[in-house]
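Some structures to go through are shown next.
The same chain A turns up in both complexes below, where it pairs with chain B and then with chain C.
Take a look at the complex of A and B:
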């Protein structure tokens, strides 16, 4: 009897935290699921009724949804892919000892600590078709004659916003991978040197295997964050021109902003299901590591 | 010792729970503080949302708030909250705040948002306040009628404040260099857009564009002038005349008479393009005239959107104030709204910012009568109109119009397809 009483304490202690999490996470999620089955449009509050799967059927027939999904895939693959590549190069560079390393490590974090909206506005003016510094530089080095409206034409807008998200995310990869690299024992490299291994062999046989868990976790986290990211694209283009830079999360935001919360909740749930494909292996690996 | 630990943990858990409960109680605390503010010694505090078009607007509004707080004699204290217009995002933010229980007492407002707010019972009808208001007749009765017509329940929710009638800004020096005068007709205007598009330094590239198209949010207002000039209208966007107006708009861009960035250009971009000399003409209202004159002196002029045998229209940008039904101090809120509509606030705002007054008394003041941009605004008043006020309008303005126009400008869809899409989004549920 006494033992049972003791077991109550841990639950009692975490109860406030659980209550807060339930209030700010689970309740809105449950509400979103509920709204996805309703004609929940605040422009017509008197017409809110349950409509079954109508929102889901409409989403699957919506060409803008499929276009946005395709762009989300490009946004994540190229965005996260290049973030990893450049982040890995930067981490290796920062892992070497040289004069001023501390300053460069700090400065390289600037894109990561800058708010996304500010980054969007900053890059919007960098890319500006009339006064943008990028056009000015390209003209000065003789690569172009006329300014390119990077954010106003379909062929350039998506690569432009992807470059911005790459710029923002490199420091996060660099920071995480640098922490991983610092945990690789120097003796392994010394032994490899004695055995006559070249740089590529050391990279693929020692460095990458040693930090593979860090790479895995960092990449998965970043995939989820980038797929959900709204701020950068929204403040740069709003998803335009003509939906050419609209990812699924931006489409969801735009729909919610126009108060069609039922439709945007439906798309949110579908995006969540897609991200679970990524999140489940991540969670599994996390629990496996904890058990190990 | 174990008892001590238990007591300590119990206290901590209790403290945490209390914090949570305190958070839940914040709403009722603010109500009690609002109630307190009605006691004789405490000022009646009003929260007012406002969007500025420039830093100068913020300064002028703050000076009006200070003046009202010092002179109202009823212990009313207005607190200003500044929110950016952001191509209409202001209205969405205001709606979100109100739905979440954080509505201000009063706010600057646009007519087109009325159905959304009234459908959710967020606004207070003003009829009873206006009927017993001594300055009621200082505002044109037709204006009340227009504001009343946007809701189906025949209530008046909007207090007139000022209007902004769109007209064309132009650079006289560029007109002179191109050897042209102010266009008298719509056809001349289209031709002038082409004549003003010039390579000024002989390097074979365009340095000045005839007209600064606004292809992003907010661009529907100047765009409407093109539709009506061909005999089209918002009531029938798919008519041949409306489609021809759209085709004119597309042609200007595709013929290189507008900057290549036009599909994404919003307010900031069209103003920057005009002020840097990249464009020779652009359409805006009087709100930017002070900045234009500061920049160019006499080398900036204005004319009303030119006439056409088929039709003539320009956008009447309206700005009203509204009172929220959640306000605890409605009498005080109306006092502040009336100060803005006909009192010293009306005079200060319109004289200093150049907006068109709604007060008949202020309209007759020499400062208003002698303003050259005001004259152009007043010239446009007879053919100025508004977009259809429907529950789809806000979404149409913020999402449908920019995306559709951008697709049309970039040649992804034809003028006819664009107009069909716009018509469908505006009129179908």
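Take a look at the complex of A and C:
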């Protein structure tokens, strides 16, 4: 291949994108680190001073922080877990050939392109304790006598918001896994049929091993998105009642809304560190695939 | 090839479970639409109806006339439109560099772009708020355009890099042998082929900007607020007005749905390409 003489070209080409990213991501991250060591509260702008690790110590003694962290774990484990399960089932159906598959495939992706706020509001209305359609349906089939205020009581609010995030995430999983499934050679299944393999054997010996990488990458990506998601819970419950549906990112958002920026920066840095556990393998794998 | 099943087996093994999942995925949209065309009396009546006895479009009328919903729609269109143009342009340049040149630091720069999507939005939200405040662009559309451009750059670069890698280098090389400069070769040969991919990437950028809430709620005020913020604000003012809210919701998703249906084939191919390999 001919060598480019001017090595300045590629740098010039990436400069604009790099500049914007640096200004809007890297500077703020540095800023957040700085703020986490300050008593940065916009309600008391004259008292902004360096306070060392005081924010971090306060976070570790904050029971709401630990509660929110626990709910983030539940939110991610059940949310992403069931998104994967139903996404996998849907992808397998969509991988079959039948009439109307194309249109069903596009239509089933609509939740993925719906704004998070709207998703939260639509489900809030479905769950409504007085006029909600879910209560009406449950009454009609005889499961309940009295309507359940799903989002207003502590025992039901977390499962309710988790169902909503599952609903949001199924299409993306289905889309990624379907692409993976379409890459599995049909001969593998034919060979397995000849050898007399049953459905479960084909699933665990062929399907899952073949799309292992897709499952891995998609799951990591979803974990990051779901853990960071604010808008769905915020528009459904605002984190209530009494913090019962407040995940860490919602807690941080609420704190930032109340202008205690030092404290919320501290918590968001801790969340970032936690998510690195997931982000590093994701980045590694994306990069390996791209170059490979 | 597939074995031939009887219709009954097909029904229980395919159509029934598929139907249940689809019902779960689509019912909320149906319900939102039905709610938006119900008269108030029926909406808050003692009996829940699954199709309105009287179909009315009062809520849509009210949304535009009393609540001036056209204003946030215009704001959203402005923000999403400008973001799409800016982000597409800078992403295309960067993706071309990553795809066609091998230069020192290439890997590190690519990782830097990808890393940027790993930060929680709440982490960036707070410092950006104070930076934009001190720069005097808080509450202007520029604040959102800048933020959204940044968040859409990584994926756009990634998508376009993938599409470009699929185009053989010999395409431009032939033109360059014939005496065209690199930029001429790009504009005349690569760009026309790339247009459908640019449309797909642009649709992704537009949808992301159109839908975003967390930044929009902090970085806008009454005059610059976008649709998601306006939707959520319908709650604050007079309790929850579900007829208005659902009407606003339907109006919000129509543009993204139309855009998505046009762009989906290439968009899905680009999105899945990175994850499926290997």
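Assume the second predicted complex is superposed on the first by the 281 of 292 C-alpha atoms of A that agree within 3 Å, B and C clash if a C-alpha of one lies under 4 Å from a C-alpha of the other, contacts with A are read in each partner's own complex, and residues count from 1 in each chain.
Note that in this section a contact is a pair of C-beta atoms (placed from the backbone, for glycine too) under 8 Å apart; a residue touches a chain by one contact, two chains touch by 3 or more.
Values in this document were obtained by computation on a predicted structure and should not be read as measured data.
> Quick one: is A:99 in contact with chain B, with chain C, with both, or with neither? Answer first, second, both or neither.
Touch status of A:99: no partner.
> Applying the document's definition of touch, where does A:20 land relative to chain B and chain C: first, second, both, or neither?
Both chain B and chain C are touched by A:20.
> After lining up the shared chain so the two structures overlap, which partner does A:146 touch, if you call chain B first and chain C second: first, second, both or neither?
A:146 sits against chain B, while chain C stays out of touch.
> Pick one for A:7: touches chain B only (first), chain C only (second), both, or neither.
It touches chain C, and chain B stays clear.
> When the two structures are laid over each other on chain A, which of chain B and chain C touches more residues of chain A?
Answer, by number of touched residues of chain A: C.
> Pick one for A:111: touches chain B only (first), chain C only (second), both, or neither.
second
> Touching A:61, do we find chain B (first), chain C (second), both, or neither?
Neither: A:61 stays clear of chain B and chain C.
> With both complexes overlaid on chain A, does A:129 touch chain B (first), chain C (second), both or neither?
The first partner, chain B, only.
> Between chain B (first) and chain C (second), which, if any, makes contact with A:46: first, second, both or neither?
It touches chain B, and chain C stays clear.
> Which parts of chain A are touched by chain B and by chain C alike?
Overlap of chain B and chain C footprints on chain A: residues 9, 13, 16-17, 20, 42, 130-131, 257.
> Considering the complex alone, what residue numbers of chain C touch chain A?
2, 10, 14-15, 17-18, 21-22, 24-26, 28-29, 31-32, 35, 43-44, 48, 89-91, 93-94, 96-98, 101, 103-104, 106-107, 109-116, 118-131, 146-147, 149-150, 153-154, 157, 161-162, 173, 182, 207, 210-214, 218, 227-228, 231-232, 235, 242, 245-246, 249, 252-253, 256-257, 260-261, 264, 268-269, 271-278
> Where on chain B is chain A touching in the complex?
Answer in residue numbers: 6, 9, 12-13, 16-17, 19-20, 89, 92, 95, 99, 115-116, 119-120, 205, 215-217, 259-265, 269, 272-273, 276, 278, 391-392, 394-395, 398-399, 402-404, 406-407, 409-410, 412, 429.
> Help me check something: in the complex, which residues belonging to chain A touch chain B?
By the definition above, chain A touches chain B via 9, 12-13, 15-17, 19-20, 42-46, 128-131, 145-149, 151-154, 237-243, 254, 257-260.
> For chain A, which residues count as touching chain C in their complex?
These residues of chain A touch chain C: 2, 4, 7, 9-11, 13-14, 16-18, 20-21, 23-25, 27-29, 31-32, 35, 42, 86, 89-90, 93, 96-98, 104, 106-111, 113-119, 121-123, 125-126, 130-131, 133, 136, 167, 170-171, 175-176, 179-180, 183, 213-214, 217-218, 221, 224, 227-228, 230-231, 234-235, 249, 252-253, 256-257, 261, 264-265, 268-269, 271-272, 275-276, 279, 282-283, 285-290, 292.
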